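Below is one structure, written out as structure tokens; comments come after it.
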Amino acid sequence: MQTSSSSAPIDLSVQAVSKHYTNFTAVNQLSLDVPKGSFFSILGPSGCGKTTLLRMIAGFITPDEGDILIGGKSMNNVAPNRRPVNMVFQHLALFPMMTVGENVGYGLARRGLAKAEIQRKAEDMLSRVGLPGIAGKRIDQLSGGQKQRVAIARSLVLEPTLLLLDEPLGALDLKLREHMKLELKQLQHEVGTTFVYITHDQSEALVMSDRVAVMNKGQFEQVGTPQELYYHPQTAFVAGFVGNNNRLEGALSSAQQGATAAGLPLHATSMQGGTSGNASFFIRPETIALSRNASEMENFANQFRCKVETLFFDGANSTVQVREVGSGTQLHVALPHTGQHADLVHDETVHIGIKAEHVQAFQR
Amino acid sequence: MQTSSSSAPIDLSVQAVSKHYTNFTAVNQLSLDVPKGSFFSILGPSGCGKTTLLRMIAGFITPDEGDILIGGKSMNNVAPNRRPVNMVFQHLALFPMMTVGENVGYGLARRGLAKAEIQRKAEDMLSRVGLPGIAGKRIDQLSGGQKQRVAIARSLVLEPTLLLLDEPLGALDLKLREHMKLELKQLQHEVGTTFVYITHDQSEALVMSDRVAVMNKGQFEQVGTPQELYYHPQTAFVAGFVGNNNRLEGALSSAQQGATAAGLPLHATSMQGGTSGNASFFIRPETIALSRNASEMENFANQFRCKVETLFFDGANSTVQVREVGSGTQLHVALPHTGQHADLVHDETVHIGIKAEHVQAFQR
Amino acid sequence: DDQVLRLLTWADYAPQAVVDQFKKETGITVEVTLSNNEEMISKLRATGGAGFDLVNPSQDRITGPAKEFGIYQPIDLKKVKVANFIPSMLESTKKVTGLDGKVYGVPLFWGTDGLVVNSAKSKAADYSDLCKAEYAGKTAVRLKRPTLIGQAFAMGKDPFKAYANPKQYEAIMNAAGDKLIACKKNLKYFWESKDQLLNDIRNGEVVAAQMWDAGGWKLNTENAAIKFVAPKSGALGWVDTFAIPSKAKNVDAAYKWINFISRPDVAAKVAKSAGSFTAIKGAENYMDAVMKKQLAESFPPAAMKNIKWYPAIPAGLEEIDGKVLDKIKAAN
Amino acid sequence: MIPSLPDSKFLTRGRAVYVTLFFLFLLLPLSVVAVFAFNNSLFPTPPWKGFTFDWFIAHTDDRTGLFFDTALLTSIWVSCKVAFWVTVLSVTIGTGNAFLLERAQFPGKSILTTMMLVPLVIPGVILGISILSFASQIANFAYDQWELELEWLRPGLPLVVAGQFSYIVTIATLTIAARLKRFDESLEEAALNLGASRFAILRTITLPYLKPAIIGSGAVAFLLSFENFNTTLMLVGSDNPLTVLMYGRMREGASPVLNAVSLLLMMVSGIAVALMYFRKPRQK
Amino acid sequence: MNGLSPKKLTLYLLLAPAILWLLLLIVLPHTGMGIISLRERVGPGEFAFSFKQYMTFFEEPLYWNTFVRTAVMSLIATVLALVLAFPVAWTIAKVAKGRMKALMLAATLLPFWASELVRTLGWLILLRGSGVIPGFFQMIGLTNEPVELLYHDATILVGLVYSSLLFMLVPLINALETLDDSLIEAAYDLGGNRFDILRRIVIPHAAPGIAAGCIMVFMLTLGNYLTPVVLGGKSSMWFTEQIYTQFITRFNWEQGAAFAFLLLGLSSLLVWAGLKITGQRFADAMRRT
């Protein structure tokens, strides 16, 4: 994985594209390059313009400004049914009046292929998505995950340059979603088609993608690998949106020194040029060390005494909510995988330590 | 929390209750005691009979056998509208033709309280669930989380002995669900009403409950605190259903010695009396130590050389899928919170170590 | 209740002014339902003679249904001011509507079926002229039995004489039917509503049509070129009567209405509205001069004598007519 | 096709033109009727002879305006009475039927369900005639046997109401059942759980939920009844509803009063619909 | 087991009016009519069992001609209504948005706020020889003389189609509205053209609505009385008119009842055939109207 290198040819290039609605700009001067064969995600909160962008790429919405190039060719004035892209819709849009095989073969039939050929290709593709021999079933006989895969097969069988996916896991239930997440990534890896994937679920984006663009209010906040986004967010928005985070509002007095509004002094890495002024501090729950023993915290730049408020036991994902005694600041702390501290009780005193490099500050 | 002690009075007692449908037993000779003031969850896969059980408690279904006692009184022949229990429905069942205030006041009005009294109580209750001043709104003006709380308020205002909740978070989206999970736990803590909570999401059950009953095919497999279930599952079903787990099929040759069918030798703690024969082995991803360096694994009873297959980067919840070189066994390994190993690449060789106590074996 | 008279009658036989006057004089409200001969019988048949207190069927349509369906009750002539009626008309109606020694109708209006002709555009003088090619697409008849009867007379046959002999009658009617089928191309339509026809004659779309006299004279007042012409083979004369349904609830009011209408002054009013002639003595004194003139013009004495009055129809004959009419309608 | 698919100008224009023509086609006959209500002529037909309000307000020998035409006004009142009863009956029994269809289980339910739909496919004339002949037979029988005159079985308003009801109730049933089908039964369970009795649930939850369908089907029932001609024609006695009276006038002596009353009706139902239509968003 | 449980009681209370309605107003009257149709008048007020009425129908070409004619015209009217209404239903359901959509919906309902009589009166004013449209033709010099537009079969069709459009539009709109736009987009995205999408996606999806609309329109035209009688010409026989004539002007209830039964049979048969061909079920289709 992470095979995408900047030298790979660019399959999709979005160039300064905008879409304005009456007194509302859904997509604002947005540019984007997706290299061939990569899994590219666009991650953003509801209403930020993701679908609008994707539908412009597919051709269902005409951009007001800018250009979209697919495989190097401008898509201006190319109708959706002539573009070398296919789309997997949020609610899949499988044709309920056709069998699975007819669904998968639909695009091929439109290209005028022979019946036998269509059937062979469709069954081939179904096998590749792990559903051999279901071509004869009706759509309503499939489970959610199967539908998912049929929808993808229906698009992939046309061998598009680009596959667009609009939150295709949104309608699935939790367990299935976890499962499909892993499966989808593997599928993309196998077929090698370029995927452009939309989601508002950061976990999906992180797990599956080679690169992720974080979108907010019609613009990209940051584009990078999942690791870059997670460990080196460039903006407060990205820090807050990608992964869980404790967010504390306060001010910086120098580049690496500050305090929250409630009076908690913090040593931080200042991420943006500025050295003082109002700032938001972000501390990931899993970077906070916790112990019943104050002495274990000696090496940490930030050391606080806290009272346990609530333990949220969830096996490997357990967290504890603590309150710093001096300022009353609430913090979420992830408990280690070892199961240590799963026995914390309400009102117990604990000590926490946070390295300065794990306190990320963004000027407001 | 974990305040429930076995000395607290029993609010709900289900005694050998069964429900048979034509050629199908939905609930089978099931018994259960819920102490006053506790948060009790029933966790089980879809179709295991959870809803059937809950509806028998509420009185919508008549048990074929057994007795249900609430607050010590048998509920045989007590109509649903006369039982001291209230229920929060899966899809909430808020009355769309009434305002929030009318919804919350509905039960009070049926008891014949005066208008002013109803209004006062309803607004009180709404404040307690954190929604002061919305009594006049229409239901469709509320967000998902607000509806959730209104549904709970509507039941709590009647001061039931027992509040039954049937997967009330099922319909919410991911983020909100995470949030409501924490909130619901706190709410129960504050009001002190006994909650009986149904879910098929193990994380919900673990995080919120004082005690959890794991249900399967109409019967309980294990009842215990979340920690007990997670760390000391009594059956293979519980080990597999609660928390993520690597499941390997094989056989035990002695009480603590065995091998998978693919030939991977394992040192294990045998959980059940038996000493040899077919067995399932469970290894939690977070108990597996991983290193690029074989020497770091020396202290582990089980040591394996593996190839990295896929890295699923998800911040603090990242996992890696590896394949043991000798037997080809696939294993999921959780990566440490520190972000170490987030840079693993495909086909890299790694070494993993597992303590014998973390390999749980169940006879089949 | 006693204060309501339910009247089933032809359009114009109960003008609003007369109804108002009746109400003022007697306190009885008249509920008018408009109808025609066939529908009157159907209605009463369905009600078994209930639902109405008084009807105005033509005299030839009384004894048949009375016998078959029992929908009429005999008239108590003692309650009718017989002196108001023209004796000859009363006598002939008594004869035609008499059954088992009882009388079922008293006359109200009489009139004729003939031709309305726009003399500026047509010289039609008999029913058969409607089929002349020169008037193609500009003539009209009703698809009803009077049309058949008229055609039959125009062909020189006497269907009335054949009433007693269904076989012979059927032959006559079939012949008339064939004539009309041949004529069909010439017709603009079979007219259904009086209004439709009057309008089309008015604006010249129709130049000659079979119709009853009142319509013709009405048009004549508007446009002198339009005339009612008694056909050479004879106009068909009908008499509309008062008859009382067998289960009438307010028989008293029915007699009151009969006696009210048969007052010469009232009769004249109704006559004016209907454009027909009454069987009431002295009504002509109140009558419009124009109408008298029109009558004289349409009916020279010879034509008057040549009027063929409908005898009572024996039950079952109408089935024969019906089939012929259907055949005409279906023919191309 | 749909807005998100690019259509050629030709297609878009073509569709606009077609739709415009279509609505012209729909509105043309009605507007002519409306316009000719003001024709200063004795006949409801061209030529246009100038503008007048006579056909609403005149009260002279040869012109009786709508507001003085007692027969017309009476018939409107008769129609209203009939429509009222048909509406009340259809909606009440329709509501019961809806519960029967959606909630009850009993042997023969599928037969009953199909039977309930049958009136929709019986031509109105036949419906009228069959009810007429059936009622007459019973009435004649009662009369012949016991000299008992069952007047309500004779042509007249009770039969008209019965005839219209016999198929309008199907429509009401379908409308209300459709809404009841979408009713989430857990709402009733929730109410029961909150201590409501069966009756209280019906009163406070189920019926309020059905209210829009009940009102809607009531309005439709009223309109259908008011407009009905085919069935009514067969069943009327001496009281004429408006449609039957208008038919009689059309055949025997139409005047622009017919246009005037049509215009009035169009306006009344237009206003009624507009009121319902504009109130809806606010309710919602 | 003595006394009724409340549940049973409720069931009976609900069943009673439904059964009374169906029995007294539908089943028995039609059975009665069936009986009437099977007798023959042998004398004044005397009747005997006979198939004569049905024999007459089959022996008399006039009657079955009318019968066939009515059915054929109704079918044509149904197809016309479908073809005319479909683009409009599509526009309302899929293209128009917001206010425009509401307005168009209201406009489709407009004609049906006025009674059938009013609509027919409108057509009379428009089409008669001296009417508005012939006058217009003359004015623009299309014809020299007024043309008679009334009294043709085509006129009847116009009137019938006009009267039944609503009943086609509403189920069509309902059916099309439930068609998810993304299905069309998906088909288009996969390379389908308009015709193909119509054939493979839209029509199969809308089939129940189409069936419902067609049944409604067909039944309404077949059973229509007013329009064919008022707008029809000298040869235009309509079967309901025939029934009316038998009952009302011929006093021949026996024959009329037989005709009524034949019409019922015809309509049931055609509806059944239509449903069979399109694979729909009666109850499903009717519930959509």
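Should a chain be cited, it is by its letter among A, B, C, D and E, assigned in written order, with residues numbered from 1 in that chain.
Methods note: a contact is a pair of C-beta atoms (placed from the backbone, for glycine too) under 8 Å apart; a residue touches a chain by one contact, two chains touch by 3 or more.
These are the chains along with the protein names UniProt gives them: A, B = ABC transporter ATP-binding protein; D, E = ABC transporter permease.
For clarity, every value in this text was computed on a predicted model and none was experimentally measured.
Among the remaining chains, those touching chain A and also chain D (ABC transporter permease) are B, E.
Here the two chains linked by the largest count of contacting C-beta pairs are D-E. The distance from the centre of chain C to the centre of chain D (ABC transporter permease), with each centre set as the mean of the Cα atoms, comes to 36 Å. Centre-to-centre separation of chain A and chain E (ABC transporter permease), using mean CA positions: 56 Å. Within chain C, contacts with two or more other chains are made by residues 192, 199.
Residues of chain A in contact with two or more other chains: 60, 80.
The multi-chain contact residues of chain D (ABC transporter permease), meaning those touching 2 or more other chains, are 4-5, 45, 133, 250, 254. Every pair of chains meeting the touch criterion is listed here: A-B, A-D, A-E, B-D, C-D, C-E, D-E.
Chain B makes touch with chain D (ABC transporter permease) in their complex at residues 58, 60, 80-82, 85-87, 89-91, 93-97, 106-107, 110-111, 154-155, 158. Those residues of chain B lying in contact with chain A across their complex are 1-2, 174, 182, 185-186, 201, 203, 206-207, 226-227, 230-231, 242-244, 284-287, 310-317, 334, 336-339, 342-343, 345-346.
Every residue of chain C that touches chain E (ABC transporter permease) in the complex is listed here, in rising order: 38-39, 41-42, 45, 65, 67-69, 137, 184, 187-190, 192, 199-200, 203, 205, 315, 318-319, 322-323, 326-327, 329-332. Against chain A, in their complex, chain E (ABC transporter permease) makes its touches with residues 180, 182-183, 185-193, 196, 200-201, 204-205. Of all residues in chain D (ABC transporter permease), those touching chain E (ABC transporter permease) in their complex are 1-5, 15, 18-19, 22-23, 25-30, 32-33, 36, 44-47, 93, 96-97, 99-100, 104, 106, 112-126, 129-131, 133-135, 137, 162-163, 165-166, 169, 174, 177-178, 198, 223, 226-227, 229-230, 233-234, 242-243, 246-247, 250, 254, 258-259, 262, 265-266, 269-270, 273, 277.
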